[in-house]
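Letters are used for the chains, namely A, B, C, D, E and F, taken in the order the chains are written, and counting of residues starts over at 1 for each.
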Amino acid sequence: MRLQLSTWPEVEAYLTRSTGIIVPIGSTEQHGPNGLIGTDALCPEIVANGVAERIDVLVAPTINVGMAQHHLAFPGSITLRPSTLIAVIRDMVQSLARTGFRHIYFFNGHGGNVATVQAAFAEIYAENSLAGAPGSPLHLKLANWYQGRRVGEVSRELFAGDEGSHATPSEISLTWHAYPQAAKRVAMQPARAPTGNFRDAEDYRRVFPDGRIGSNPMLASVEAGRRLFEASVEDTIEDYTAFLAR
Amino acid sequence: MRLQLSTWPEVEAYLTRSTGIIVPIGSTEQHGPNGLIGTDALCPEIVANGVAERIDVLVAPTINVGMAQHHLAFPGSITLRPSTLIAVIRDMVQSLARTGFRHIYFFNGHGGNVATVQAAFAEIYAENSLAGAPGSPLHLKLANWYQGRRVGEVSRELFAGDEGSHATPSEISLTWHAYPQAAKRVAMQPARAPTGNFRDAEDYRRVFPDGRIGSNPMLASVEAGRRLFEASVEDTIEDYTAFLAR
Amino acid sequence: MRLQLSTWPEVEAYLTRSTGIIVPIGSTEQHGPNGLIGTDALCPEIVANGVAERIDVLVAPTINVGMAQHHLAFPGSITLRPSTLIAVIRDMVQSLARTGFRHIYFFNGHGGNVATVQAAFAEIYAENSLAGAPGSPLHLKLANWYQGRRVGEVSRELFAGDEGSHATPSEISLTWHAYPQAAKRVAMQPARAPTGNFRDAEDYRRVFPDGRIGSNPMLASVEAGRRLFEASVEDTIEDYTAFLAR
Amino acid sequence: MRLQLSTWPEVEAYLTRSTGIIVPIGSTEQHGPNGLIGTDALCPEIVANGVAERIDVLVAPTINVGMAQHHLAFPGSITLRPSTLIAVIRDMVQSLARTGFRHIYFFNGHGGNVATVQAAFAEIYAENSLAGAPGSPLHLKLANWYQGRRVGEVSRELFAGDEGSHATPSEISLTWHAYPQAAKRVAMQPARAPTGNFRDAEDYRRVFPDGRIGSNPMLASVEAGRRLFEASVEDTIEDYTAFLAR
Amino acid sequence: MRLQLSTWPEVEAYLTRSTGIIVPIGSTEQHGPNGLIGTDALCPEIVANGVAERIDVLVAPTINVGMAQHHLAFPGSITLRPSTLIAVIRDMVQSLARTGFRHIYFFNGHGGNVATVQAAFAEIYAENSLAGAPGSPLHLKLANWYQGRRVGEVSRELFAGDEGSHATPSEISLTWHAYPQAAKRVAMQPARAPTGNFRDAEDYRRVFPDGRIGSNPMLASVEAGRRLFEASVEDTIEDYTAFLAR
Amino acid sequence: MRLQLSTWPEVEAYLTRSTGIIVPIGSTEQHGPNGLIGTDALCPEIVANGVAERIDVLVAPTINVGMAQHHLAFPGSITLRPSTLIAVIRDMVQSLARTGFRHIYFFNGHGGNVATVQAAFAEIYAENSLAGAPGSPLHLKLANWYQGRRVGEVSRELFAGDEGSHATPSEISLTWHAYPQAAKRVAMQPARAPTGNFRDAEDYRRVFPDGRIGSNPMLASVEAGRRLFEASVEDTIEDYTAFLAR
């Protein structure tokens, strides 16, 4: 059940059955020579919609732009400052809480969002903690699709040491599963990208000139995407169901 | 050309042809008994993607959540505070400017966003104006799909005084054109909703108990949506092309 | 009754008769070769004081500085960032609400303030809407003196196509009515200024080199100011009285 | 020379003679049973305009609302939060600096503003200091009219121990000098108000039930106001002239 | 009793005896050729710990970094913007209030903090005052160790006109009393530093090239520090005890 | 070399040898029945000072208060909101950068700080990335003392499954090594505290009634603290030295 395609009476009815919602959150940033700029937003959105076809859960519209300051030397990358993203998450959580949601599951596709989303949760809880009011009724969770158990198994089986940490064959495959027309074949040198640290955007592009970190996304395929999709839907149903039970 | 489905080298190539981009911006809010909660985000997204099939233009991912504080008494509505939305737009514009975009066209589906987006533009320009630096290279525009000339003609022909100002048959038809499976038939009393002023969320729901303002969305249809889509694509190609020429 | 010239026991007594207040809001910005920099603040202040001589209403001190980033290339112009002006309006409204005011009528002289003031109203209401508390008791309205019906009639009769949209003969006449000693005769070329779009301060001055937009303020006169003053006092009594009745 | 009654070419000409400006800053707050709510804004405005009749100096429009949180239990009082007032001063200083002003003299009528205005100056200078850029060209000063040497002499002669520290006969007299029609006779018990500490608005009103601190404003008179006006104009010409010479 | 060296059950027990706490606040900034960069933080920390050995009072960890923008041209100086320091104090006060503290005594070693801390107190009280809620239970005080009566007597006796206002022999002596190993002998020319005004960091270093203002810290000594320590402990016990009694 | 005990000429000389600095960052929060409230600030401070006795490195004053919202139901705990801590770190980093530091090593004692400090780094880098300026010269690192390799070995050897994750015997031992007088013997039931998730302060105290998570701090000892101190000094010299070499 997608929030965007529902009416408010349908949501009102849903809230009598469940107070949980999945909020996909991603990023708009370069993903190497053949990866889509929307990869990190598309992956959790694709999986969340897959989950919603299997169980009775509401899926919010995707937060498409996240914290991607280090990618800004590549055209098409867009970032929010961490302080802005904290405000976005605070406002969204307060809105959802206002109309009765209690379990808000941020389903994430971008490692660069993790610290900021966790800081946002603390910012939200801090208002309650400082007020000394009765405990917050809210349950907030951040889950990363790429860290699911089944996803890890498939990824290791298919890509092993070529997975890397940015513009990975796994995430690119998953987007191609959903958008096969956007699959592109691009030659890259070296096959496996370098690894290392980075700081700001200039520094990132200097160290990782085509945008990849440690990955060989020439291995990506629609078929791998299908397997990862199925694995992630299973992972997420399990994790979300446990979260709801808290 | 959708930014989310492009690679950074493709965007780099695009920037040699054009420095313009369309950023759909909407809202996540109730749209009456049969309107979709995503209506205001879906409409500009649907039209922008239609434009991108006709001319060489890049479409950014949609800003799905806007300023909808007055709808929060209806389940499923989500708002950003105006101050948050200003920060979001500032960060996105700065990001796009960083990698070479100069003409940024916010294509809007929600009247409640207009004041805040214009304030955001002023906030962005103010930095430049206060610095006394050479003039900003940026061109920012807010355009509302529902105010296009051709759209107005179709809407008046089809719905006349039943169009209203929230949960209108026009916007609902347009979403049904793209998502016909989400079209719903719901009886409403009275057929045409009341009009009036509103302040906060409680006040809004008291005055407009089913969420509509002045509209009769029972008149919405997939076929009307098709006509509005075509009209809006034409309107937008004309307006965006003129904007690029500044 | 001017708030600045009243004592608190007088205000306490007033609040037993009415919970309304008029807050003039303007700007400090260039108004062309013969227009006063204070024009946009003086106009609503002059009219509001005229209203207060006719009916029992309290007039707050004027917000003299507004959102004028685009005028900063002309000496003497001063702006608040939109985010600052939002905070100012929020604090003033909260203060007035604290001591019993319920109908707060912002009476505006500057088109550049409109979006930001409306965003400020939404920011204020959003706190209530997000809290899910019982509806706000506050009624907030923004009214522009220059858009009154009677003002429009006088302006069209006297200036027609020479009115323009910045440094207009109407607003300049109104300030001269109150400050005849500040009336200045200055020759301008062309008589009627150009029209067009603008972005930041540099861009504005490039397009409108003497500051005017579309106007011929050489037509301004003390006598025209007297007629506009009377028209605007009538317009405002009518509009404010209707607002109080909500 | 009042900025509000000047044109931009007149300001441009002034800047060739001087880069200084006086910005009156006050407060909108209760001033006891017979003191005007605008007292703290009116006093520096009255004196500044008197100075401008004597020497060639530009006077900005008055900042009418200041930091008055402790007065909010009395109707008609309005406050800005300190963080808001800091933003207001920052934006105004940046605006004035943009068009060539270098010596900005905040002329203050309210003790409650002092800490916040000084914090605002530090906030402004900090940007320069942190950037490590060449030193700021700006000279910022806060001067309190009630602390002038000549003002102190007159005040002690006339009111001695009845001056107190809020709603003083001196400040009330000064406003009556300019607005004799607003002079009011009100009996108060005790003649001299109590002194003490205060915290928030509730605490203030509990300790100082009619709003005065340590003063006997029944001694105020139009004639005393005339003498204080003349003393303050002399004090301010001397102090401002020395400031310009830095 | 130092908060950092206590357990929460010990603090819980303390709160049954007292709701007061001392929060030392200083700065990290140059203190001339022989003064320690930590001087302004160490002085109140040293005295507060001395007080805690004499009476039953809890001492919070020191706020080591304050408002020192004007010292940034000297290596090792660190500042918070005033707006940041206001947020720090607000959060700390809210935290302490949350668990039962009512009398919060900020014990300060740096003149440059005074305005900002007072603005922070107003920011905190303003929330209560604007809410119109029952009066705040909080008592907030800022006390400067260097302004104690006994401290002044010792300082005048020992250093008279060589005390100056920054990098004073008194404050340096006090730090050497606690950290005799850090006492340094450095020759300075002239013996007594110049006095004057300053603005930003560049301006400060231009006017005060070795960092001192009006002082001769070659007179500092461990023995003077011992006497000042004892005087300040006495001053503070007296002042804090009176504060608690409010 | 402790910054607080140095003079500015000493720091100036240090900067000719190194541009690195260690900034200890901790928290002020309950640490169970026998753990010190300052534990998380004291641990990195103790180790950093130990490092400075071994190698030529400057140690900044400790950030004593961190992000501890979840501990506020226990007396003595103090938090900064994440947004406040981000501002603190931004201001400190900008200050240090201003006077020549390039490698800033935040040495942390509190897991609850990690997300916010990383968000702060991104906030700082984002300014550079958005400006499109040449890459930032700054190197920022967050290191947690409790995650050092040697520390982990000692901790596992001594405490194994009784280490837990809050109020651990390791961190408590380390504070007792430096402050043996503050070592306390307190009986706890059960010996090993429960584990689990938490949200706000009320929720935390409900789940972990004496404040510990998964630990048995009755095992803490001064001797264990000595071994952990030595291990952590070694870990940190190694890690900091490698960081400087980037």
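A few notes on this one:
Keep this in mind: a residue touches a chain if its C-beta (ideal position, glycine included) is under 8 Å from a C-beta of that chain, and two chains touch if they have at least 3 such contacts.
As the structure is a computational prediction, the values presented were derived from the model and not from experiment.
Note on connectivity: the fewest chain-to-chain touch steps from subunit D to subunit F number 1. Matched by residue number, over half of the contacts between the chains of E-F recur in the interface of C-D, chosen from A-C, C-D or D-F. Each chain gets one centre point, the mean of its Cα atoms, and the points for subunit A and subunit B are 24 Å apart.
Rounded to whole angstrom, the centroid-to-centroid distance between subunit A and subunit D, based on C-alpha atoms, equals 54 Å.
One simple way to say how far apart two chains are is to compare their mean CA positions; for subunit C and subunit E this gives 47 Å.
The multi-chain contact residues of subunit E, meaning those touching 2 or more other chains, are 72-73, 79, 81, 83, 91, 95, 98, 129-130, 132, 201. Here the chains touching each other pair up as A-B, A-C, A-E, A-F, B-C, B-D, B-F, C-D, C-E, D-E, D-F, E-F.
Remark: subunit D residues 2-9, 11-12, 14-15, 28, 30-38, 41-42, 60-65, 72-81, 83-84, 87-88, 90-92, 95-96, 98-100, 179, 182, 184, 186, 201, 211 touch subunit C in the complex. Against subunit D, the residues of subunit B that register as touching in their complex are 129-132. Contact residues on subunit A toward subunit C in their complex (touch as defined above): 91, 94-95, 98. Within the complex formed with subunit D, the residues of subunit E that make contact are 67, 69-70, 72-73, 79, 81-83, 86, 112, 114-116, 118-120, 122-123, 125-126, 128-130, 132-136, 138-140, 197, 199-203, 206, 246.
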